[in-house]
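Each of the next two complexes has chain A plus one other chain: chain B in the first, chain C in the second.
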Partner chain A sequence: MKKQYYYPKTSEYFSKKINRYFQILSRILFVLVSIIFIHFLSSCNSELKVIVPDVQLLTSLQGTSSIPNSSRRLVEGVYVVESGFGEFGDTVILKHDREWLSIFCEKNSSYIVMQSGMKDSTLYYAGYWRYAQSPRTGLCTLEIKPDDGAREILRAVARPQRIIIRGVFGGNEAVLRNPLVLRFVRGLFIRAHIKSDGKFWIIAHRGGGRNSDRLPFSENSTELIKFAGKLGANGVEIDVRLTKDGVPILYHDENLNTRLINGEYMVGPIGNYTYAQIQELCRLKNGERIPTLDDVLKAVVDSTSLTAVWLDIKEIAEIEKVIPMQKKYLERARVLQELGKRDSLEIFFGLATTDIYNAFTAHPEHEQVPSICELGVSQTQTANSKVYAPRWTLGSLPTEVARLHIDNRRSFVWTLDQPEFIVKFLNEGDFDGILTNYPTVVAYHYYIRK
Partner chain B sequence: MIKFSLLLLFVATALSAQEYDSASVYVMFPRNAEPYHFTGVIGSTITFVPRPIAEEEIRQVPIIDATIRYNLPYNFALTAHLGTNYITNLASLGAQWNANYGRLAVAVGDYSSVWYGFASMDGFNVDAIGWLNTPHLSFGIAFDEMLITLRGELLFVTSRSTRAGDIEVASDRNIRAGGSLALYVEQPFFRNTHVLLGLKLNNLSNAYQSWLAFSTFNDPLLYPEFSIGILL
Partner chain C sequence: MKSIIIIILLMSGNILLGQDTLRGDYRIIIQGNLGLSRSYIQRTTIIDKAEYTQTGLMGTMRVLWRPDHLLGIGIETGLLRVSNLLVKEDANLPVGSAIKLGAIPILAVFSMEKYGIEISSGVGIYDYHVDALVNAEITTSSNEWEIGWMVSAGYYYPLTRSLGVGGDVRLYAIPERSVQLMSLSAKFQWQLWY
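Moving on to the complex of A and B:
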């Protein structure tokens, strides 16, 4: 008997097969799409990478020697941009911080940071430009030729009538093509204010700016604090916390996190770790060590021209540790000032909360400890704080600021980042300083004034 | 870690989908539907604000949201969306045109949104308002139990204003703020219910979700966003 085989109806058979394959395909497809998304999620993370052009590509400073300080000061001033205004605007500010020359611009909130040198009666500058509020950046070289004013500048007798600075800028490549020409117009604005000796404090938040501003160094690092002067700051605000074993260190957040440090293997409050553990296992976002307050104050006194340090104190327990350190470095700065090796330096103990204010005013020596009070004018007077620091949203506070000036105190407003508000507070207020994440922007708007 | 847990939930739920005819239960899927017929979804969305902006100051609070789709003749559909976590509130209205061929579908559309945020910080009041416009293009593939939609959006900030007390802190107008790529799955979930799962990767420079951070940084950052909802 012939064997009977069962053959399913062909169309039904294939329909079921196709449907089955489709089911499997749907799951495979879904997993694949999910993997693509996971990959996108991990590759497009929100870490902000620091982008600093390779200044080593620039060779113009090779073989140069340092420009004398007396000559550097003659280069400082307000310049018109004769070529390159598309990127940097019509006018710029030139200001030296030791051997570095910084150029602050209004357009694009851009700035240029350059090292300087001299050779054969020509002044050379090489560095990079950057937009303060975006990572757009590139290289730049400038020079002042003998006939463009360098000869007179190096004689350092008086500022020449004519200073022309010529150079080029571009991206991150060795050959720069865009011309940049600056012509001197006038000197920098100097504040006519008896109470502050003509000084105005541009105080850089977190030692120079936040990590999100993609500066070359991490916030609250010694390296950034040393760099703050190049950004136009003459003061820094830094955040102080205590380790488990009572060492004052610089760190903004309460917890260890990937915003501030590399690696996720250390978690929880930073106060749960000893200083040795932190040094062994933690590095700041750009690889620097988390510095001690002691190291930072030493660096400020010995290696910067900063004239103010604002200690943002986070815990009451810091009082006993910080005040002796504050005294020690104020004394060290005073000695160096007397030797003519640095300008005056003030280190302020920050009184930001009522708890810290109460604990500070209970300290027997508090009246002799320079402090900044954020709480109000009467608390400023009670604590004998040298400075009242109101939040900018309180406005320009003309009555309060005038009262403080009569009382021989000062007022720093915080934290101003928007150019329009910086201008408004400079023009309408009589504050003695501005705390900002963008000292380059404040520097432009302050020094451009007539 | 939270992001990856949500993603895992997203994948696991999709893989354990039940057999069900989901032909008419969808909101995001870009297929034509019966005119004058409503579909909707109610659920929750969480957006992860980039840590460099959020720092330790901003806690990410999920938004409770609802979307309604009203189908019109000639393959058109109107959409409305409302979302709130009390501090940040968003309302959107939009229209899209759908086309489908077999299991595949495509839609092009646009929606406009207004958002409003308010908070009291350290003794002073801040608030912000913004108008957004979002053209979008969606591709969909329908499986028997699962509808997958891949959607690309461009985000334009028509206007934005942030105030602290009486002072306008920041204002922007007519900015192309970036774009996003989103993957949505609509499928049966439990008994006769259907679920919407969404993963949206926003690459934005001016995100309303981070208004409270007062960020001054102009460059785009990644804002991952997870959505879950029950289809009505």
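Moving on to the complex of A and C:
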């Protein structure tokens, strides 16, 4: 007798069968919806590309020469926005990083990055503006005419009483229509703190910021580290990992993934690959090569005005590789400083975990190696770390920070991104630096202070 | 993320295996598939001169529990070849180096069969792995677990009461890696209980 595959065809089951099909259909629907849900959940890294406006469209810098450094400093300061406040707010901060001028704003956390030049006693600036936390961006040109203060600025004797900066901004078109007028109000805030020589460190996380904020360069790339100064940072935090053949490179995550790299043949832990394989088989998200620590420290010393590098060390095995490199570039920076070619530079070995701390303190030269300790004040003192770096959730820690200052150490708080918390920590704490993903926001709130 | 997937799978199981007072016979079915697959993957690796292959052999095995209604559940695993790269000329990598990208699916499968036509879907994880070979010797091997899914449609023709043959068209997807594989395979089926 042939066996029935499904329900026996009896009247007892017939009415139930239709209901059963409906149940099955609803279950299939549920499974399909689950699959679609999982697909979207696991592929939610949809690209939101921010196209950096083509500054070449702007012709105002053609035929200009470089503005002398002594004159650049006179342009820096707090300005009121007389026209254009709808986009940039009431007040802005102007700060130079070498020949680049950056403008930091409170409204929309926007900023403007511009190249500068001078011609016929007029100062010219051309670049682009964007929001720090959204993809809005566009072009901008500014100028300071001789009668608006440029003549006195170029004499570089003293800051003129009156500086007016006039210009236009818009989208990504060659003809810009929205007026932007800035008027100088006062100089930038300088910290009156004996222990830190008036310095305050704005340290850009992952070399300048995260990929999720669609910066023009990838996180932990040499290009972004060179750009960090234009974002208001005077220090960078970078992540160091070792390749299979022991080359220290910059990479944040333990595994190679599509958040950070392009390269379909790179799967799993970065430590499974040799440096040659990494160089050939993948690129960072914006097309840069994954840099070696050696290349990056060379770039910092030779091509930036950064004064601090915080090495986020991920593995114990890095100690023997990183410390000699740290010494080499500290010495190189010292020589350049003596020649007057750069400011001082500090390179800190990061002690983030107990394992790394124990291995570091077991190193015979650890007391001479500049380090940042995240574990506590007593560990900071034991390791002779120059800096204690608490997580921001621990609060402003007034007692601990005061104790560190007496001990001639410093304290950097990490990682502060929200403007309201940045203001709170600046006003209530006595930290010597802030680690942030948004150095432009910290720069505004720090330099605007009176 | 993982906990969300577990909850969904548990909920699916709970709904699929819900109350039923009048149950008929059930069957356990083992399916083996062998065929060709072609991957659709965004190529972002730049080698001076290399040969890429996106077509390769695939083999999978499925164990299904078919109760007395249309929908059966089971698990599937196997080996899928995603992409091969053979270095012909490069500044840093030895000529003749081969890099092989593959995936081993481990999927919960939901399957319906009627009149020999079978449609299935599955969710689960893939052991996504890469092997680098220089002179036929594996010099680097690395892997990562990725979430993914599969849908398939096929036909089954019984040869005996317990054995049959057929064919399947399947689409495998690993969204995190932006990888899709389309496969065409021959199916061999063995029915254990009936």
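We take it that the second predicted complex is superposed on the first by the 403 of 450 C-alpha atoms of A that agree within 3 Å, B and C clash if a C-alpha of one lies under 4 Å from a C-alpha of the other, contacts with A are read in each partner's own complex, and residues count from 1 in each chain.
Definition applied: contacts are C-beta pairs under 8 Å (C-beta built on N, C-alpha and C of every residue); 3 or more make two chains touch, one makes a residue touch a chain.
Every value quoted in this text rests on a predicted model; they were computed, and no experiment measured them.
*Asks:* Report for A:Ile190: first if it touches chain B alone, second if chain C alone, otherwise both or neither.
*Replies:* Neither partner.
*Asks:* Just checking: does A:Glu254 make contact with chain B only, chain C only, both, or neither of them? Give me first, second, both or neither.
*Replies:* Only chain B is touched by A:Glu254; chain C is not.
*Asks:* Using the touch definition from the top, say if A:Val335 reaches chain B (first), chain C (second), both or neither.
*Replies:* neither
*Asks:* For A:Ser134, is the partner it touches chain B (first), chain C (second), both, or none of the two (neither)?
*Replies:* It touches chain B, and chain C stays clear.
*Asks:* According to the stated criteria, A:Ala402 is in contact with first (chain B), second (chain C), both, or neither; which is it?
*Replies:* neither
*Asks:* May I ask you to decide whether A:Ala362 touches chain B, chain C, both, or neither, giving the answer as first, second, both or neither?
*Replies:* Touch status of A:Ala362: no partner.
*Asks:* Could you look at A:Leu281 and tell me whether it touches chain B, chain C, both or neither (first, second, both, neither)?
*Replies:* A:Leu281 contacts chain C only, not chain B.
*Asks:* Considering only touches as defined above, state whether A:Arg20 meets chain B (first), chain C (second), both or neither.
*Replies:* Second partner only.
*Asks:* Kindly classify A:Ser212 by the partners it touches after superposition: chain B alone (first), chain C alone (second), both, or neither?
*Replies:* After superposing on A, A:Ser212 lies in contact with chain B but is clear of chain C.
*Asks:* Where on chain A do the contacts from chain B and from chain C line up?
*Replies:* 27, 30-31, 34, 37-38, 41, 45, 255, 257-258
*Asks:* Okay, in this complex, where on chain C does chain A touch?
*Replies:* Touch residues, chain C against chain A: 1, 4-5, 8, 12, 15-16, 22, 24-25, 41-47, 68-71, 83, 85, 90-93, 99, 101, 110, 112, 121, 123, 128-130, 132, 140-144, 146-149, 151, 161, 173, 175-179, 194.
*Asks:* Spell out the part of chain A that touches chain B in their complex, as residue ranges.
*Replies:* 19, 22-23, 26-27, 29-31, 33-34, 37-38, 40-41, 44-48, 133-135, 210-213, 252-255, 257-259, 391, 393-395, 417-418, 421, 437-438
*Asks:* Where on chain A does chain C make contact in their complex?
*Replies:* Residues 3-4, 6-8, 13, 16, 20-21, 24, 27-28, 30-32, 34-35, 37-39, 41-43, 45, 244, 255, 257-258, 262-269, 272-274, 276-277, 279-283 of chain A touch chain C in their complex.
*Asks:* Mind listing the chain B positions that touch chain A in their complex?
*Replies:* 3-4, 7, 10-11, 14-15, 50-53, 55-56, 122, 124, 141, 143-144, 146, 148, 150, 164-165, 167, 169-170, 181, 183, 185, 199, 201, 203, 215-219, 221-224
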